[in-house]
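Questions regarding the structure given below will be posed in turn.
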Amino acid sequence: MDNGMEEAGNIMPAAVLESKAAYDIIRGRFGDAVSEFDANPTMPFFEVADASKWVDIALFMRDDARLKFNYMACLSGVDYMEQEQLGIVCNLESIGHYPHRIAVKVKCRREGGSIPSVACVWHTANWHEREAYDMYGMTFEGHPDLRRILCPEDWTGFPLRKDYQVQETYHGIKVPY
Amino acid sequence: MQELGKAELNSTRIIRQDDNRVVIEKDLDTEYMVLSMGPQHPSTHGVLRLECITDGEVVVEAEPYLGYLHRCFEKYCEKVDYPGIVPYTDRMDYLAGMNTEMAYCMAVEKMLDIEIPRRVEFIRVIVSELNRIASHLVAIGTYGIDLGAFTPFLFCFRDREHILNLLEWISGARMLYNYIWIGGLSYDVPADFKKRLSEFVTYFKPKTVELQKLLTENEIFVKRTKGIGIMPADVAINYGWSGPMLRGSGVDWDLRRNDPYSVYPELDFKVALPDPKFCDIGDCLARHVVRAIEMEESLKIIEQCLDMMPGVDGFNSRVAIPKKVRPKAGEVYSRAENPRGEVGFYIVSDGKSTKPLRCKARSSCFVNLSAMKDLSRGQLIPDLVAIIGSIDIVLGEVDR
Amino acid sequence: MSEYFSNIKIGATTIATGMAITFRHFLNAVKRKGDAGIDDADYFKQVDGLCTLQYPREVVPTPTIGRYRLYNDIEDCIGCCQCERACPVECITIETIKTTADDLAACGKTSGGQQKRFWVPVFDIDVAKCMTCGICVSVCPTDCLVHSPVADFSEFDVKNMMYHYGNLSKIEAEAKKRKLDEEKAAKEKAAAEAIARGEAPAAKPKPAPGPMPEGGQAGE
Amino acid sequence: MSQSISLNTWSDALSGFNLGWFPLGLVIVAAVPLVFIALYALTYGVYGERKISAFMQDRLGPMEVGPWGLLQTLADILKLLQKEDIVPTAADKFLFVIGPLIMFVGSFLAFVVLPFGPAFIGADLNVGLFYAVGIVALEVVGILASGWGSNNKWALYGAVRSVAQIVSYEIPASIALLCGAMMAGTLSMQQFCVAQSGPYGFMHYYLFSNPIAWLPFLIYFIASLAETNRAPFDIPEAESELVAGFFTEYSGMKFAMFFLAEYGSMFMVSGIISIVFLGGWASPLPNIGSFALNTMTSGPAWGAFWIIMKGFFFIFVQMWLRWTLPRLRVDQLMYLCWKVLTPFAFVAFVLTAVWEIYK
């Protein structure tokens, strides 16, 4: 596997460089609204510092001829317990245009926080944001249909929060098993 | 039903014309009926529930409701250590356990930055391609059932049985393998495996032809699927479709080639794309045909792997498996091409614990299914069934 | 118009092809698939014809590697509890009692020659919970815990799915526990005496710890 | 025409046979075919379907009850008899109960005019064919009653589809049968068979003696599949779309009645097609020179044998089709009926008329 590893070793920085180039374009357009680039070799990402600009950034990323991030692979909610924040991580890439891919993080307050919805930019985000809401409880402003998706409608609490306490009974059924 | 208000709904009629244009007629005094399709319904492939608003046989809109099979995969992951998650990934997409395992293990291996023996990589590719065939056999067979053809289903299951036997022989289990471990495999393959596998390939090739003649080329089948549920390429990408669904829309995109992993770069295979002479690009038939072609491509990959796989005497498949899996603090998003599309794992490690801080599974079916509402608009109920079948959902993966 | 007729023609021919295939299978129904296992060299020579096997009477043999019923060879078990910790579904329950020095011989050695240092009065596997992932087997240091290829172990009562493998009866376990407590007590007493004698003769000798209510539980 | 003298002798004699006040003969005439069909339909129709489908799908089929599972369907009947007879609370009880009865009666009334041999027929009506076609169509009422009465959306879909389908397919089916009637010059079922029997066996059958007959034959066969809701036209029950169509809410013996009716009408349409185009009870074997195969294999018992065998054959073909083909969509079904079968049926009608005039 020596060859493969060497190859991988060469590819990884190249991939990160591509992401960096894409990031530079975004940075050039939005300036301080985005944070510094994090050259994480397994998942290069940047953070949206000004969450209110997130939809603009998303639209720019999707539509700019140099970026064309037309494919959202994944949107995951994350609980940043220590920073008292909740966040989402979007993995974006471009199908049929460029080989670059990048991850974007958007964070909000832990209690009652909200993040602008990008369901109108990538349809993928629609259900994923519903899932993030279902599991973490942050709201997505402008989401067309923000309901719970995996848990029942009348479930209490947000299961993937680190401080989640499971409810004792649900419709008379004992929950903790 | 956000778009149409209730009053408006009752005076609107959506008609899908022969050329798939949707015409909306207003001011007709018809009443809509809400039809709850599922969670117990023969063609929702498990416990999906579709709330259909119907106008006679025409579906005005179908809203999917999920969660009937939600098993808190992601919550479990935060309680179980890294190797313990592998059996749970099997249970995510239970028709393609090997592929999901491989996607997960590759993600953790990326974090650990460990080197995998070459033979292990080949065996991994072989088992996941076998599993891809098995999974597509189920997809094609059940699609036949959705459209009323029962016999191809049983032919598919007869052949799948041989694959399950092969996989049981090497991993010890028939569906929930826990075969691919972080850094290696639970066992090396048995001595006769190569021979038996090549026998399987010879056995299976004529069966794909038979299946094609019996089902894919059947005129009733073609009439039922051609031009139904058309998804244009750009919308498909925007919906995040992947795998056979995306290729059915004519997008030349395959993670095995576009984001190569394991030994796929060394293998010669074709990315399956539908033939525009036989089907309309992006319709149900195209998706079905892509799966049929992919089975043949998988056979090719298996044959090549059998030739290229280095044989090592007394090979220890667990040689690279770390004693304690405790990745550095960091995060990774890694994905693999599963039978149903891109399965990715987003894993966050805090560097201290042997359990992930966050493990999110990007499920292909979940994303593919999200286009259901758009696809179903203005279709007939039998077409709705055809569309659900062509999405090839596994509820275990949708709900996780 | 020509499309109309060609449609009818295609329809008729494809239907005829399909019917020919099913009819061929119908005629082939005189043959039956054999029940050789996949590890049999003739496996793919006998897959023609009807493929049903009538289950309880005809079975496809599970390969020797088959991972089904958990079995623990308690003779070889050293009571290390690694499987209990590794199990993702927590289906294994183990209680151990440390062996007293004079019991080491009675406790015996594993087949690998390793001295066993724990009695294992409770080794319960709830196979109804077990998801046959095989992680417990992989961590077992003496290879005493194995998944056997016995695939059918259904029971009428779910309680029977709880397999007890412990090597001591309850009474024996009580006795061993008491013995261990006594030994511990003796040791502590000796240690206390040593301290009292050697270090601080002026200090009041500590009262010897009586039989602790929950003392000496479970080995550790 | 020596046969025609002996025609219906048995049944005529039997119906005059009264045991005191009790019309024993009439009961036998009415009950024997019914009992035969009921037994056949339940045990061997279902058993045959299961076995044939199994063999086509590389399976064994029922094997456990009795040798080769021969008693499986009996066991199933026992099970169905013991089941609780559930009527949904919100259902229209009267329609819900009457639905399966109408279907059952409709499908079995038609057996009255089915000749089981040259000497045995329930009632040799001179409008026998017309009666059969009409009475089979009665099933529609049963389906509609059960579908509406179930108060279930799926059942309603099934019922509405079924009505649309059966009513539409009556047209090509009737026209195709009319072609047969023109060839025979009669509507009496018994006369159909008489007209097609002769020393040359199968050569007298309209299918082989008339160069146009294959067209109405095919049209009627296809249309009869649709009329009995068999695949590929089983959209009223379409199990993957409508759960079980119009009998979604039925269980126990009422469910069994639907089955009885389905297999009954399967045999009925097979009987009609074999009588109109394939000579009914007439032996297919020809007299070869002095070796009088045809004469040897004719007669009341042989007649019953031949017509049942022909019926079985068509049932086999129906099953064969069912286990090969996917299901049509509802609009494609209508397309096939109105744009393919009906025009061709008219063409066949005209061609037959021309042939009958100028042959």
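Should a chain be cited, it is by its letter among A, B, C and D, assigned in written order, with residues numbered from 1 in that chain.
Here is the rule we go by: contacts are C-beta pairs under 8 Å (C-beta built on N, C-alpha and C of every residue); 3 or more make two chains touch, one makes a residue touch a chain.
Treat the numbers as computed from the prediction; the structure is a model and nothing was measured.
Chemist: Among all chains, whose Cα centre is located farthest from the one for chain A?
Modeler: Result for max centroid distance from chain A is chain D.
Chemist: Quick check: more C-beta contact pairs in A-B or C-D?
Modeler: Between the two chain pairs, A-B has more contacting C-beta pairs.
Chemist: Could you say which chain's mean Cα position falls nearest to the mean Cα position of the entire protein shown?
Modeler: Answer for the innermost chain: B.
Chemist: How many Å are there between the centre of chain A and the centre of chain B, using C-alpha atoms for each centre?
Modeler: About 23 Å, centre to centre.
Chemist: Mind checking the centre-to-centre distance between chain C and chain D? Centres are C-alpha means, answer in whole Å.
Modeler: Here the centre of chain D sits 59 Å away from the centre of chain C.
Chemist: Centroid from C-alpha atoms only, then distance chain B to chain C, rounded to Å. What do you get?
Modeler: It comes to 32 Å between the two C-alpha centres.
Chemist: Distance between chain A and chain C based on Cα centroids, please, to the nearest Å.
Modeler: Roughly 41 Å, centre to centre.
Chemist: Hey, what residues on chain B touch two or more of the other chains?
Modeler: 151, 158, 214, 218, 220, in rising order.
Chemist: Pull out every residue in chain C that's touching 2 or more other chains.
Modeler: 15, 18, 21-22, 51
Chemist: Among the residues of chain A, which are close enough to touch at least two other chains?
Modeler: none
Chemist: Chain pairs in touch?
Modeler: Here the touching chain pairs work out to A-B, B-C, B-D, C-D.
Chemist: Note which residues of chain D are touching chain B in the complex, please.
Modeler: Where chain D meets chain B, its residues are 53, 56-59, 153, 157, 161, 231-232, 234-235, 238-243, 323-332.
Chemist: Which residues of chain D touch chain C in the complex?
Modeler: It is residues 52, 54-60, 63-64, 320-321, 323-325, 339-340 of chain D that touch chain C.
Chemist: Spell out the part of chain B that touches chain A in their complex, as residue ranges.
Modeler: Within the complex, chain B touches chain A at residues 2, 66-67, 70, 72, 74-75, 78, 110-111, 115-118, 121, 234-235, 237-240, 246, 251-253, 263, 330-335, 342, 344, 346, 348, 358, 360, 362, 366-367, 370-371, 399-400.
Chemist: For chain C, which residues are in contact with chain D within the complex?
Modeler: Chain C reaches chain D through residues 4, 8, 15, 18-19, 21-23, 25-26, 28-29, 32, 49-52, 54.
Chemist: Would you tell me which residues of chain A are touching chain B in their complex?
Modeler: Answer in residue numbers: 1, 4-5, 40, 42-43, 45, 70-74, 76-79, 89, 91, 95-96, 103, 122-124, 126-128, 131, 135, 144-145, 148-152, 159-160.
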